[in-house]
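Mind having a look at this structure? Questions to follow.
Letters A, B, C and D mark the chains in the order given here, with residues in each chain numbered from 1 onward.
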Amino acid sequence: MSNPIRYVTKVDLNKPGDEQPQVHNRWHPDVPFTETIKQGETVKIECLDWTGNQIVNSDDADDIKNVDLSRIHYLSGPFNIEGAKPGDVLVVEIKDVQPLDRQPWGYCGIFHKTNGGGFLDKFYPEAAKAIFDLEGIHATSRHIPNVKFTGLIHPGIMGTAPSAEVLAEWTAREGKLVAAEQHAHDTAVANLPLSVNAHGGSATGDLAEKIATEGARTIPGRPEHGGNCDIKNLSRGSKCYFPIYVDGAKLSVGDLHFSQGDGEISFCGAIEMPGVLTINCKVIPGGMEKLSLKSPMFIPGDVPNQYGPSRYLTFEGFSVDEEGEQKFLCATTAYRQACIRAIEYLRRFGYNDYQIYLFLSTAPVEGHIAGIVDVPNACTTLGIPIDIFEFDIRPEAEPVKIDQGNCAFVKGTDHPVTYDFKDFIK
Amino acid sequence: MSNPIRYVTKVDLNKPGDEQPQVHNRWHPDVPFTETIKQGETVKIECLDWTGNQIVNSDDADDIKNVDLSRIHYLSGPFNIEGAKPGDVLVVEIKDVQPLDRQPWGYCGIFHKTNGGGFLDKFYPEAAKAIFDLEGIHATSRHIPNVKFTGLIHPGIMGTAPSAEVLAEWTAREGKLVAAEQHAHDTAVANLPLSVNAHGGSATGDLAEKIATEGARTIPGRPEHGGNCDIKNLSRGSKCYFPIYVDGAKLSVGDLHFSQGDGEISFCGAIEMPGVLTINCKVIPGGMEKLSLKSPMFIPGDVPNQYGPSRYLTFEGFSVDEEGEQKFLCATTAYRQACIRAIEYLRRFGYNDYQIYLFLSTAPVEGHIAGIVDVPNACTTLGIPIDIFEFDIRPEAEPVKIDQGNCAFVKGTDHPVTYDFKDFIK
Amino acid sequence: MSNPIRYVTKVDLNKPGDEQPQVHNRWHPDVPFTETIKQGETVKIECLDWTGNQIVNSDDADDIKNVDLSRIHYLSGPFNIEGAKPGDVLVVEIKDVQPLDRQPWGYCGIFHKTNGGGFLDKFYPEAAKAIFDLEGIHATSRHIPNVKFTGLIHPGIMGTAPSAEVLAEWTAREGKLVAAEQHAHDTAVANLPLSVNAHGGSATGDLAEKIATEGARTIPGRPEHGGNCDIKNLSRGSKCYFPIYVDGAKLSVGDLHFSQGDGEISFCGAIEMPGVLTINCKVIPGGMEKLSLKSPMFIPGDVPNQYGPSRYLTFEGFSVDEEGEQKFLCATTAYRQACIRAIEYLRRFGYNDYQIYLFLSTAPVEGHIAGIVDVPNACTTLGIPIDIFEFDIRPEAEPVKIDQGNCAFVKGTDHPVTYDFKDFIK
Amino acid sequence: MSNPIRYVTKVDLNKPGDEQPQVHNRWHPDVPFTETIKQGETVKIECLDWTGNQIVNSDDADDIKNVDLSRIHYLSGPFNIEGAKPGDVLVVEIKDVQPLDRQPWGYCGIFHKTNGGGFLDKFYPEAAKAIFDLEGIHATSRHIPNVKFTGLIHPGIMGTAPSAEVLAEWTAREGKLVAAEQHAHDTAVANLPLSVNAHGGSATGDLAEKIATEGARTIPGRPEHGGNCDIKNLSRGSKCYFPIYVDGAKLSVGDLHFSQGDGEISFCGAIEMPGVLTINCKVIPGGMEKLSLKSPMFIPGDVPNQYGPSRYLTFEGFSVDEEGEQKFLCATTAYRQACIRAIEYLRRFGYNDYQIYLFLSTAPVEGHIAGIVDVPNACTTLGIPIDIFEFDIRPEAEPVKIDQGNCAFVKGTDHPVTYDFKDFIK
């Protein structure tokens, strides 16, 4: 009675992800099941970090610069949820998420603009990295000293498999975007199916090739099934509701984050880590129609880190971009501006822009939509917990300039670490 | 010792706003001061509702349909903060916000698409209204029955006056937007200076005309000074930091909200009310440079309503629009989708779409940026407090269809109250 | 429609309590109703401060020393709740509590050991006082500088009238205690009925005399009806359930507190003030039996001040008293010890013991039962919010000795302001 | 770099505690160190359950009835904290507490009145037990169905070793209590040193005998060093400050609780379990004098379970006992009364008194001191989280009588499971 909880996936931290058949890196209805999970059964699932062991614990960012993004994300599963049918809703309760005892560290990377980029790649095009030590609930980094925070630990990716129809829809609509807009951008606007380095789990031969050819990339979250939502509040104790499109639901999970700020702005922006998830699955028969469920919804857990509502220094961002150009109700621009305001402010304490960019990606910062109807300006806010710093960051406090060291850069490089944002008024 | 706190503004609820010289409705450096406030002095400021008494407590929405938007927003002030100089930072502590004892009700309106519109006007073009009774900390509405919530009460607008240069910049950049994009929209993309119904406070003659001609509209928040930010968390106990551009700072406040959801989606989207603000002002000399402050920032108060982190039913929205078109990292689209998902879900309990639209505007719903880098999809979340409903809205609960009455519409109209959103997969 | 909320009691701050017939200061079934309140009706009730205007805003404690305790507490009511019958349960929703605009200050007093005393009167026998300025949600005191906190505002007293039987029971059981234990104490162990200065509201003649002779003192809370519970969390938004013993329930309220720490340790220990309560009353017929309700219960509101769980410096107290004597599972002793530990600690920052005693009484400190079964030691905790101080009180911070001024003492006195508690180990 | 965190203690779940030299069950300055921990080093410590494997996962309470209390509590350590000296303060940061993967269950016991007893043993003298399944952050019990809660996981015991002087003081003062009061009680008022089954860790021969003869029992917490405080909020992320009396501090820890209500009322009252603690230790030289530290203090962590302030059904208890006898300001009596009120109320939902007693011991209920100066009544409150039940426990909800099964009792017994508390008014 009360045996240890069953592991349905174990991973190997010393082998590339594509040599491990219990993980896969494309969304496709035909990726073979790895295990069956009973309804009401609580199970444990180990996950690789999203890159499948490509990043090391070091003081340079060469691994980040050279990361092979055709390989991401390595997900555990898919799992066959006993009795699940298309049209049902899958209820997943996240009982726990933990780093692995055998690797008590994680990382955050700023990807080079030509290989992944990020929310602020226009200003910070170079690769950078910060390693975080994970001790119990706390993360600290030798690359961003004098700050310690509690992880709001969560899976960045969780989703059911698309049906063939859903998959076709994804490819079509993202293809349309690429056709229409790629020419105007210097980074990818979307990632269409890519067979190179596709990993269909235990699939072999024709099936593996089919998955590689058709399989959707795991990079974006998508409305039909969730996927790479990077919702930091999908943490311990959350209850999630997913539409089901194929028999057995084919749930996949991965991209575990020890901590992440709203936006996950540096793209590889959370504290990325391998880890173990404890979940319990149930099914609501016919739930999609019953609940009018077209996209996942969830109820967060009851143990988030709690800093007190009045312990957030909060920056405002509006949809006027860094060149002073007025955008129309663009919350994305507004949030980028809030991030820039935070960077300018936090420099007072001796950090450089890359460190702050990594910090905003990983720390439990709160990004809110404030007003989204007051033409032409959307307003968003970015709240930074005051109490995770070892010094007082409030405006009234005198800033003691501290030697804050540096984050990891590519070996042998020498490039600016600060960007000079213009004043609104010249 | 400890006399009653000094009122620096009183308002009349029975006279149009433009007959009251202690309020004004345009941003301009030359609007005359109404009062001087000492540094460190706590004062009380009465405010009109944003429309200057145009809306009545009734069961039709004719007043909303015919609202005169050239008149908005009526703001109290501007106030001369003793000793404030350009380049300084104004620190405003919001000690309290309260409705007026003499008018314990407020309203929320959905503006007609041809007269103001809102975040979902494409689907809900008609005018509608809900009246809320305000009893202590609680709001209820006969137009949206069976829900009661605590107000996270706040001023929608607070800002310092622009200098002539800042004002010119606003007009230029918004004008550029209108020139470039207005042709592609069927509602206004921005509101340029409009002399009709401009109210320059106590200004008369040439000065009044100058203000009317040049004065910026109060509709958008703007990065330089805040203004109409509609940040629901700028509530009791908040401490706000504003850049100062003119001597005396010329602080203006208004647009009080008893409660508002993140986004204030129906535009007139909060529980709008006249009320009284208690504030305390200080100045940080040279603060703009010292703090690298280009836009306002703030620290929220310590008495927000608290529903418990696990008491939010949370909807996910992605940047694929309601026609199934893929947008590129558009958080605005993503948030609109999250709102639509919430509308579809809440119909289960007998409300029609207009009621839910009004509800999402006014209730303390949380709108977060989740992931904003996973091309091409931004992901946002919309969290609804479970405990403000008198019935159980959780997915597991059986929905008891209740007669939920109706909100107020324009007299004599008959139009659909539901919009049929397509499935992602046809 | 939506008229201003009806006031059922107004009070006069310039007349002694006993000249105001709309208040009373004894519990008795026959105190005449002042007003009738309909079920479901929201009303406003003004209250005197508990002493009925005996205390003034000054820098001495002479008024505290000479306070006439035979007169307390002046309560508003009793109110006739339409339709309430014995055996029913009265549900009171506290919609709001506010100080009066016309008196924006309150006070906290340490009573002289010979006239009221308090939790630590053995060590601090002298009278003292602190005046607090109330500005919106915040309290500050010139007598305890450099601390500012948000009020968790609440009525110290709320209760239904006892029946004749309940009243008799009270007198009997408290009389028994006096008979058995008074000889061993140098302060009162209970306060039996006292006709001098009894105030039966509008009662006159024989009825007034009957109330004076039989009426229970309002000092203690009592299990049957609540009364003077001094529960700081019975604040805005709370829903309270009271047993009903007489027709109309005869609800009385008063003893408003702007803020109080758990324990209200200095007896006159909260920030005492006149104010106004907004409540809504309903009745559950037959509720006492249905809910097995013998004592009041309640559900707190959703807008308490929130400092973050990790922002409390927490002291432990055990049931070994200040002389080193082991008590048996005495939580009262344990809590006193926790208070003493806090006093010893806070001296580091320049406050004297009387100031800290006043501080612990009024600030929103949390007093918890921790372990109450580990013979012979009960363990309690006392948590102090770190963020209400203007300096850092954490152990790691270097204490800057600040001139903290002084609280108000009796004019012309000169007495120790510190008590030298022994070490546990001599 | 970043190796797995070092384990300084491992335990065996299949061997009695006294066969494991890395644990001990008495407080004594001479218990030999098990390991040395560097300042600033983070380590992991496994702990036995407090009884040293005496309790099994079964459906009877025979093990509870026959538990050998001479053996408790088995603590891991003592640890030598490098550089710690008497007079210093030991700062322990609790980085994490977890159950062991290899035993995902815990238990709560009501001890028989003749063998341990508990807070309510007068009414519930029989032995009982509930087994809890631990899945991630959640606990559920087949013996108390339809309730699920998140553990506020913590060590019940943490303390530094007493010096010889401190130890002598303990024995003297507890001996005095026994001498004075034991005759008036039918359960132990204190537990004096007891050599039988004493376990001095790796001590042998004379040293073992010395420890057995002189060693203080671990049952009570004590003001000088903490020990068995059972403070539920000493959970993940807490920072604790301990006085140091001996070289190396000799820190011991154990008695891990997955969850506990304030008071831990059934004595074996938490969800008891073996588990693993992750801690980090530092020393403040001369800290005892610097901080005036006579008893431990702490700052709680930032990840407690959070149910929302308005989601607690709260019972009031006064110092009038269950026979109607008036006690003088006795918070212990008052808290017992609050517990009784909660028991009477929760019966509505089909649980028997023993189940509720176990529930109140283990669930995260909040026990507060409310008023402690209003002679003769202390008032305490007991708050129960509404949201941990699968049904609605609020007074307005109709109670659906559910078959709630039963807790585990001693095999073959048949005794009442309900106690008939008298009304206050006969």
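Side notes on the structure shown:
Simple rule for what comes next: contacts are C-beta pairs under 8 Å (C-beta built on N, C-alpha and C of every residue); 3 or more make two chains touch, one makes a residue touch a chain.
Values in this document were obtained by computation on a predicted structure and should not be read as measured data.
In terms of C-beta pairs in contact, A-B outnumbers the other of B-C and A-B. The angle of the rotation superposing subunit B on subunit D, based on CA atoms and rounded to the nearest 5, is 180 degrees. Interface note: subunit C and subunit D, two copies of one sequence, contact each other through mostly matching residue numbers (shared numbers exceed half of all numbers used).
A straight line joining the Cα centres of subunit B and subunit D is 50 Å long. The distance from the centre of subunit A to the centre of subunit B, with each centre set as the mean of the Cα atoms, comes to 31 Å. Chain centres here are Cα means. That of subunit B falls 39 Å from that of subunit C. Shared contact sites, meaning residues of subunit C that touch two or more other chains, fall at 237, 301-304, 306-311, 387. Contact residues on subunit A toward subunit D in their complex (touch as defined above): 1-2, 4-5, 42, 57, 94-96, 101-105, 131, 133, 135-138, 150, 236-237, 278, 280, 301-307, 387.
Interface residues of subunit D facing subunit B in the complex, by the touch rule stated above, are 306-311, 387, 392.
By the touch rule above, subunit A contacts subunit B in their complex via residues 89, 91, 118-119, 156, 163, 165-166, 169, 173-174, 176-177, 181, 185, 187-191, 219-224, 226, 228-233, 237, 241, 262-267, 269, 284, 287, 291-304, 306, 308-318, 320, 324-332, 335, 337, 341, 344-345, 347-348, 366-381, 383, 386, 394-395, 423-425.
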